[in-house]
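Chains: A, B, C and D, in written order; residue numbering restarts at 1 for each.
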Amino acid sequence: MRICESAAEAVEGIEDGSTVLIGGFGMAGMPVELIDALIEQGATDLTVVSNNAGNGDTGLAALLAKGRVRKMVCSFPRQHDSWVFDGLYREGRIELELVPQGNLGERMRAAGAGIGAFFSPTGVGTPLAEGKETREIDGRTYVLELPIKGDVALVGAHRADRMGNVVYRKTARNFGPVMATAATTTIVQVREVVEIGDLDPEQVVTPSIYVDRVVAV
Amino acid sequence: MRICESAAEAVEGIEDGSTVLIGGFGMAGMPVELIDALIEQGATDLTVVSNNAGNGDTGLAALLAKGRVRKMVCSFPRQHDSWVFDGLYREGRIELELVPQGNLGERMRAAGAGIGAFFSPTGVGTPLAEGKETREIDGRTYVLELPIKGDVALVGAHRADRMGNVVYRKTARNFGPVMATAATTTIVQVREVVEIGDLDPEQVVTPSIYVDRVVAV
Amino acid sequence: MSSAALTKDEMAARVARDIPYGAYVNLGIGQPTLVADHLDADAGVVLHTENGMLNMGRAAVGDEVDPDLTNAGKQPVTELPGSSYFDSAESFAMMRGGHLDVCVLGAFQVSAGGDIANWHTGAPDAIPAVGGAMDLAIGAKQVFVMMTLFAKDGSPKLVPSCTYPLTGVGCVARVYTEVAVFDLTPDGVVVLDTFGTTYDELAERLDVPLTQG
Amino acid sequence: MSSAALTKDEMAARVARDIPYGAYVNLGIGQPTLVADHLDADAGVVLHTENGMLNMGRAAVGDEVDPDLTNAGKQPVTELPGSSYFDSAESFAMMRGGHLDVCVLGAFQVSAGGDIANWHTGAPDAIPAVGGAMDLAIGAKQVFVMMTLFAKDGSPKLVPSCTYPLTGVGCVARVYTEVAVFDLTPDGVVVLDTFGTTYDELAERLDVPLTQG
């Protein structure tokens, strides 16, 4: 675990072609400063996994606008302010894997928890399950879903201690905790880094074992 | 959600032949008063799912001693003070399904989360995977595991509010939160019931949606 | 039978009336959100939002607005006493595990057998987006749909079989429209209530067999 | 080569020496627990206990004893600053997902190919109990085994193939014994260190091919 002095330091070494998990539901929990640093850092040909596909012209939308993302894996790209993604998609300049939101979270949880695959109740009989293995178990039909593992996770959180224990705030928690478990390198931006012992051990949401780098922004 | 006046009221209606999930790792988090009330209530022919198979002569061990349990599903029955279970098992008076602890937790999580089955990394190539379906995924072999669903969960926790939000204390948390999600009726004993609004929403571990009855003991 | 078709607010009120005391409820984006305005505080209904919260309060105004506290539509909201926060995996585990009592969804089409289509028109230039719709469709003990009964071109949206891409199969329990409420049962579609129309008029305009409730 | 076989404490110290700075470590029940006594506070090692805690402290004494705070052996322990608590599903997800750097297990037998048997003797009257052993065996980046090299009857416990029921397949990286440390590599068993014995003596007493490290 490393406390970084800057967002630039926090995103060092992210390679071209990486799969990057990016937290946030809309702008709540989106690690805007880490994304800005990633744009500056220059990694390209990325696969980005995030619930949405960017809002307005900042954060994830800015990364998309720079042409750094080959493929989006998300549940809800189409929003009133998703014009950057919309344009790229209509021009055929970005690939989209659309995943029901519950499968998105559960597939990342599976990656973090060592589950090889799981039978999901969601999407059965719909176009999003086409071509996927199904199985009836105990009278109900399920679709087999595979883990989504990241090379890197970029997570926006509230506070971290110097060991890397992390707490979130309200609904900005969303995908952060599960993404933190699912990536080889988990990078967390927080509003404040506190001393070891300053977080109540009962309240830690992402334990330090999952966290590789922390930066206060 | 009902706040019960007594442990006896809390265990009302548990039927013969039920599958009962019982929290605790050893005595930490074991809902002793609920188990005592269940003994008094009289339900029998039970399948009990719990990490251990009772310690000393109280709690789960007392339920076993009364002959109310047809089958134990657990990871670690053999302890220095598990004489009640040991005796029943050697006399062939109780059935045992031994489950690796991680599969035990994950199978209950699957039940609570609507997962039909999952490929687990644990137990591959061991006697506990014999007869189970295996599959190689991405170069690693996994064993297919099915959900464990309870009719009832008996959970020992620290505090609850009057809506049924629950917090635990230290390592007494263990199986409580996952069992609370996996049963049709979840019954929680706590040391203290507090008013709605007295628990910090960020700190709630078992949200009220999972809880059917609460009793302070 | 009422004398006029319901307004959106009246439809929302009608849905709210059918939500049992103490229920855990998810209201989908769009029209279903209106239902919240018709739930009395003493109905004990707890609202779930897919982005990770139980006991969500009303829309935030003025100083209450907090960018860390939004609903599934990404609008600022408030919290009520007794709320809880959790991550997305837990939030969807809650749905998918069948812990919600009711969810209310909008729809393009619902079939007599309870299939729902509400995520994609299938138009070739449309950008597909599903969000939590498929999880909600299969994840609540009862799924209510709230929609107009007829599309702009006059074609019915309660159909023998959906022509739009499906969201979920056989999962809708009840359909609330401006002119009628329908129960979808294993024995067929039952008309529970009509507003500004008659059972016979409905039977004529719809392609699905109806029963009078 | 040391001049005498190691005591249990010396073995524990030898294991502790090989745990990297800042590692997340699970110490199995029994002998591996001793390793904790040999980890310096400035080694930055964080101990995981399967019953739901990171950064567990030493055994609790006197007033520190709290029935809500125990280790995997159900003994009272303490917490260190920076600890965290979580439920059993999360605790095992942490293991099974490969997030622990090292786990140290006892064993009845280890095979040259890294199989481990440590949960069941296979005796017909034994009450089987597995606990978290199978999860730990497959769940850490590196699995260390700490055991005596020979059983009470003199038979080796590092064997060509385990005869006891297996706990995990091909998962052990290193074996620490009172007379030698072995690396289990894809190319075979490498003797890293000997204590009170020689490479040649080991090669004679063991049925597995050895390489001098």
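Note that a residue touches a chain if its C-beta (ideal position, glycine included) is under 8 Å from a C-beta of that chain, and two chains touch if they have at least 3 such contacts.
Quick caveat, the model's predicted, so the values are computed rather than measured.
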{"item": "Mutual neighbours - chains that touch chain B and chain D alike", "value": "A"}
{"item": "Interchain centroid distance [CA atoms averaged], chain A/chain C, Å", "value": "28"}
{"item": "Whole-Å gap between the CA centroids of chain A and chain D", "value": "35"}
{"item": "Inter-centroid spacing, chain B versus chain A (mean Cα positions, whole Å)", "value": "32"}
{"item": "Set of chain C residues in contact with two or more other chains", "value": "53, 79, 85-86, 92-93, 95-96, 139"}
{"item": "Multi-partner residues of chain B (at least 2 other chains)", "value": "106, 109, 113-115, 120-121, 168-170, 201-202"}
{"item": "Pairwise touch network: line, ring, star, complete, or other", "value": "other"}
{"item": "In contact (per the touch rule at the top): chain pairs", "value": "A-B, A-C, A-D, B-C, B-D"}
{"item": "Touching residues on chain A, where the partner in the complex is chain D", "value": "1, 109, 111-115, 161-163, 165, 181, 196-197, 199, 201-202, 204, 207-210"}
{"item": "Residues on chain B engaged by chain D in the complex (per definition of touch)", "value": "25-29, 51, 75-79, 82, 85-86, 89-90, 96, 98-106, 108-109, 120-128, 158, 168-178, 205"}
{"item": "Chain D residues within the chain A interface of the complex", "value": "22, 24, 46, 48, 53-55, 79, 81-86, 92-100, 139"}
{"item": "Of all residues in chain D, those that touch chain B in their complex", "value": "49-53, 66-71, 74, 79, 85-89, 91-93, 95-96, 115, 120, 125, 127-135, 138-139, 165-169"}
{"item": "Interfacial residue positions of chain B with respect to chain A in the complex", "value": "106, 110, 113-121, 135, 137-138, 140, 142, 146, 167-170, 200-203"}
